[in-house]
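Each of the two complexes below includes chain A, the first together with chain B, the second together with chain C.
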Partner chain A sequence: MTRAEAAPAAPARAAKRRSGQWAAWAFLAPVVIYLIAFYAYPLYRNLDLSLRHYTVRSFVQGDAPFSGLDNYRTVVDNATFWPEFLHTVAFTGVSLVFQFSIGMALAVFFAQNFRLSATLRALFLVPWLLPLIVSASTWSWMLNSDSGVVNFALRSVGIDPVNWLTSPSWALTSVIIANVWIGIPFNLVVLYSGLQSIPSEIYEAAALDGANGWQRFWRVTFPLLRPVSAITLLLGLVYTLKVFDIIWIMTKGGPTDASTTFATWSYKLSFGTLVPQFGPGAAVGNLLIIMALIFGLLYIRMQRKQVS
Partner chain B sequence: MKSRVKTGIGVILTAIMLFPVYWMVNVSFTKDTDMRRDPPILFPFHGTLEGYRAVIDQQMPYLGTSLLVGLGTVILTVALSAPAGYSLAKLRPRGGGALSFVLLMAQMIPGIIMAMGFYAIYLKLGVLNSAAGLVLADSTIAVPFGVLIFTAFMSGIPSELINAAEIDGAGTFRTFRSVVLPVSRNAVVTVSLFAFLWAWSDFVFATTLDGGGTRQPITLGIYHYIGNNNQQWNAIMATAVIASIPATLLLILAQRYVAAGVTAGAVKD
Partner chain C sequence: MTLPRRGLRAIAALSIAVCLSAACSNADSSSPEGASSGGTYNIWDPYPQFDDSSDWVKLLTKCGTDAGVTVKRTGYDTTDLTNKALLAAQQGNSPDVLIVDNPVVSTLAEAGVLNTTDATAGIEPNLLAAGQQDGKTYGIPIGANTLALYYNKKVLDAAKVDPATVKDWASLTAALEKVKAAGKKGITFSAIGTEEGSFQFLPWFWGSGAQLTQLDSAQGVAALTLWTDWLKNGLAPNSVLNNTQTTSWQEFATGDYAFSENGTWQLANAKKAGFEYGIIPIPSQAGGTAPAPTGGEFVTTPVQTDTKRYDTTAKLVACLSSADNALTTDTTLSYVAATAAVQDKQVAANPDLKVWVEAVKAAKGRTSDNLGTKYPKISEPLWTAFQSALSGGKSPADALKAAQTTAASATK
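After this line comes the complex of A and B, so read on.
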């Protein structure tokens, strides 16, 4: 191709690229507008709520005075701040440990394709698919102090019944149990799909070298599954930080705040009392967002690294 | 270990895992007078349909609202996310990577915080306690997920197919509607199923944005049952069983889509 021929082609190509950009953004426009109106704006409103001194009256009229970081100070200085923080950490940490280890054990078990394994694995998804209110109310009744089936089972093996939902020392454990139950399917499915990508030759080689099942897991499966495990844990962490429904339905965060996490505390401040405290409620919510985004960014970094 | 032994262990593990589901069904058939029996009734041989009668008498409007909100959310989600997915997958928009990143982050924002923001806005606009408001709020759970699924799926469509349509004189929109959408049926099904399920199951937005309305979804129906200190647990559990029908249907009819949806966000193939 000579220069003379190439010259007229270049602007045409540029024009085509430009019209291509127009079309590309025309297809994106609805989502962009949507994100601004229904993600960015509510989040901005929430930030604004946390920086003003709101009462019920000024909430409706929208003329609350600016108060800087007062709401955040109120929240952090509150005597319940550190207990709620610890509940959040305990709820998230303990849930993750159990969800992940049980999910991993089940994934390894189901990976040895046996008869019915695919069907049974599908049935394991049920807890994850049920509406949270269904799971939470079922667990509430199962954990009922007097008539719950869990206490019946404990009594029949000679253990004293426990006031699962009504005693401050057990309420957090109870909501963790329900949350672990709901979270196992997710861990199982993701780890199982990770296991599928490990070539079977590696196991055959390990078996030839005389490795037993336990060694094969710790020396082969676990190291090779590390990237998938990290992603599962980080995503699980972000999901668990936002858990609200289960706790609110089972215990309302009580008794005496014993099972209150940041998510439920934030809701309780804004909607759960007779005199709503929208400012502090929004402040707690924003602290929660920061926590979620830190781990969210870590997750995205891990995922990019795995792809490349 | 023999395969049959493993199947046996698998069945036992599944039974343990699904015990709460069985218990929900069992309690839904238990008579009021037997509810606090010790030992509890393990099989509803002499059960009652009282609970289900209560559902039919009291919960039908709630179920109707949930169905409506679920379908509305599906339409809105697919209409917004399918074109966006096509653009990100095939049209190479400048700044598309940044938008994908924003969508990923959007998924991580706790629903309870979105609910507070929506509450403040809806209060001002006077659209609290409306089904349309609930559809809009519920769609925020599904739209980022939808765009990611559509992008992933449409990236796999051969470019030759799209080029062929353009050579035949189809514009970008025509290509999208007549070529891309029909071959993306699986992605449409996956996104629709999850959008419906999430809207149907939503409690956070329902309780903050629709707590005082006349048209409330089934999640609030159950919640009011519990909140009223209702001791009629067979009715509560019967409602829970009915509310679980969409999830069950989904698992039976669209199993492979479900597993694909669970892993889609976490692991890229």
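After this line comes the complex of A and C, so read on.
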């Protein structure tokens, strides 16, 4: 801005300064408007929704009474809160562990640049390129209890078929499997590019010191990939916490609530029944934001520590 | 001195820009535009499958021309329309005519979005009931559909079952067992954990004599036990838990299944299925046709700030529900008409529809019995109950008992 060159008041300069300020605001406006219209306002609305007692009537007339944390209390006191919290944690945790470890293994594998490795790597990206509705519908069809190809395969090798999507004990596992499959490419790509930035001299030095492959991975690759791994995991966590489409398409969160996470629960409350419950729905959504925020702050703290 | 001024300017600049991006001009999209003498009237419907060349949209345009106005029609996905309508009402730009799924009418009426109507002459009372609350009527059914049992003739012949003998639950289960013994599959339906599942469960629930106000009655438990026993004994596939009505139909269309619980809207697909089919009403426990829930939309007129528009709106609604036009609409949508006169015409033109007209006569609105907005709060525990019983989590009695507790506290 123009502050630095602001000098004692000659009228012409003051006018110039004023116009300079206008220009500065004009340049700033698009970003500020964008931030307010697409980030601040929706967040504020969501918070506002969760703090008022909405019925369909008060939603239309806009006179919903302020009810403090009542919606949050309703949500937490709900018998399904803790099971669904556990589903969310299990879904996110297990998905992340498998996505990351398989992605890492594949990245290390492809880093060796053998013939056809580029082609194979491209093939691994397919799950990422498919629209989620396509992959989720395909999984849903493959895991169908009666006509699914997975149960057909199990039956042909003499194993009892499993009700993947319709048994309370398997539904969550099934959606996790599908989500892991969808998440591997992302981890693979980011970790692979991280691997490219590790100088090969370090590996040579390690080899000269007599380190075997396993030691090279744990002593060289893994520590040097730590910053990349951290951001991969954080992004993965945010993506996975809010996964909705896969679960909704495959199981609708069912049977009963066996595969419902906070994301699907929030949707179900707000839009899944004939009478929308916007208040509790927004409350669950905000809980999700808080969960993501906690891990975001943890990440920033970790990064600061690393720098210092 | 500079800082507050700067702040003020910032606020002014921002508000102008926000205004631009949010289009806060005063131009009212629904105000008369003068192109046609009477202006533009907005109609929203849940039939996005129809484009401007379809009979439905042509009818809307013609009704507009007759009333001297231009009709602007928008088709929304039916699951989207409730929220769209609520948001529009909140923003004060509701359409002039809104065509919505019948169980939504009471929700919108509760929200104060809809005007009442008294142009209900000739409409079957059981269909109209879904749009009535506390003695007031909030819309007119444009037509109705409901559920019945499709059967595959070849499969039944092979199992030596005569569909005419299926009169009650016992004879239906016996037929399913014969089909299974003959190496084919029994029945498909949709027991998914959404409103769609409740819609499919209700014919059995009501067919036992149970009431939505008492989910855990002995009759209700009997209905759920019927479903769980079918699953347990392999008469229905386990995939029903995840079936929508469409995927359930796809199972039936493989030709392996004897029966499918499905609606009027599958008639066109049934003709394409490549096997001989028939339709019987869903039997009740003790025999006779079970009351199935009514599907189909209502023509409603949302509240407007400009009350001068109502006269023309009434003309549009009258045009849409006139006998001739209702016949066209219901033929296009594959629905049964809402008035006995038009129903007779439909059966005369297509005798296949007779069983559907019977089923619609026996049918019942989900929000009827003055349940209104209580229905959704009962329906959700109900689908949770059959999901947990069918997946083996709870016994039918326990599942329904839990459902009744939830429903009772939600509708208090």
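Keep in mind that, in the parts below, the second predicted complex is superposed on the first by the 268 of 308 C-alpha atoms of A that agree within 3 Å, B and C clash if a C-alpha of one lies under 4 Å from a C-alpha of the other, contacts with A are read in each partner's own complex, and residues count from 1 in each chain.
Assume a contact is a pair of C-beta atoms (placed from the backbone, for glycine too) under 8 Å apart; a residue touches a chain by one contact, two chains touch by 3 or more.
Just so it is clear, the structure is predicted and the values come from calculations on it, not from any experiment.
After superposition on chain A, the partners chain B and chain C collide with one another. Of the two partner chains, chain B is the only one that A:125 touches; chain C does not reach it. With both structures placed on the common chain, the touch criterion links A:115 to chain B but leaves chain C unconnected. Of the two partner chains, chain B is the only one that A:42 touches; chain C does not reach it.
By the touch criterion defined above, A:60 lies against chain B and chain C together after alignment on the C-alpha atoms of chain A. By the touch criterion defined above, A:238 lies against chain B but remains apart from chain C after alignment on the C-alpha atoms of chain A. Counting the residues of chain A touched by each of chain B and chain C gives the higher count for B.
Once the two complexes are laid over each other on the shared chain, residue contacts for A:83 go to neither chain B nor chain C. In the superposition on chain A, contact of A:140 is made with both chain B and chain C.
Once the two complexes are overlaid on the shared chain, A:21 sits against chain B and chain C alike.
Only one of the chain C stretches 238-246, 274-282 or 346-354 carries C-alpha atoms that clash with chain B in the superposed arrangement, namely 238-246. Of the residues of chain A, those at positions 21, 25-26, 32, 59-60, 62, 140, 146-147, 271 touch chain B in one of the two structures and chain C in the other. Of all residues in chain A, those touching chain B in their complex are 20-21, 23-28, 30-32, 34-35, 38-39, 41-46, 49, 59-60, 62, 106, 109-110, 112, 114-117, 120, 122-135, 137-142, 146-147, 149, 152, 156, 181, 184-186, 189-190, 193-194, 228, 231-232, 235, 238, 241-242, 244-245, 249, 263, 266-267, 270-271, 278, 281-282, 285-286, 288-289, 292-293, 295-297, 300, 303, 306-307. Of all residues in chain C, those touching chain A in their complex are 6, 9-10, 13-14, 17-18, 21-22, 79, 82-83, 86, 89-90, 103-104, 107-108, 110-113, 192-195, 237-239, 241-242, 251, 254, 373, 375-377, 379-380, 384, 387-388, 390-393.
Looking at the complex, you find that chain B touches chain A at residues 3-4, 6-7, 9-11, 13-14, 17-18, 20-21, 23-24, 27, 35-36, 38-40, 79-81, 83-84, 86-88, 91-94, 96, 99, 101-106, 108-121, 123-124, 136-137, 139-140, 143, 147, 172-173, 176, 197, 200-201, 203-204, 207-208, 219, 222-223, 226, 233, 236-237, 240, 243-244, 247-248, 250-251, 255, 258-259, 262-263, 265-268.
Residues 21-22, 25-26, 29, 32-33, 36-37, 55-57, 59-62, 140, 144-147, 163, 165-168, 251-258, 271-276 of chain A are the ones touching chain C in the complex.
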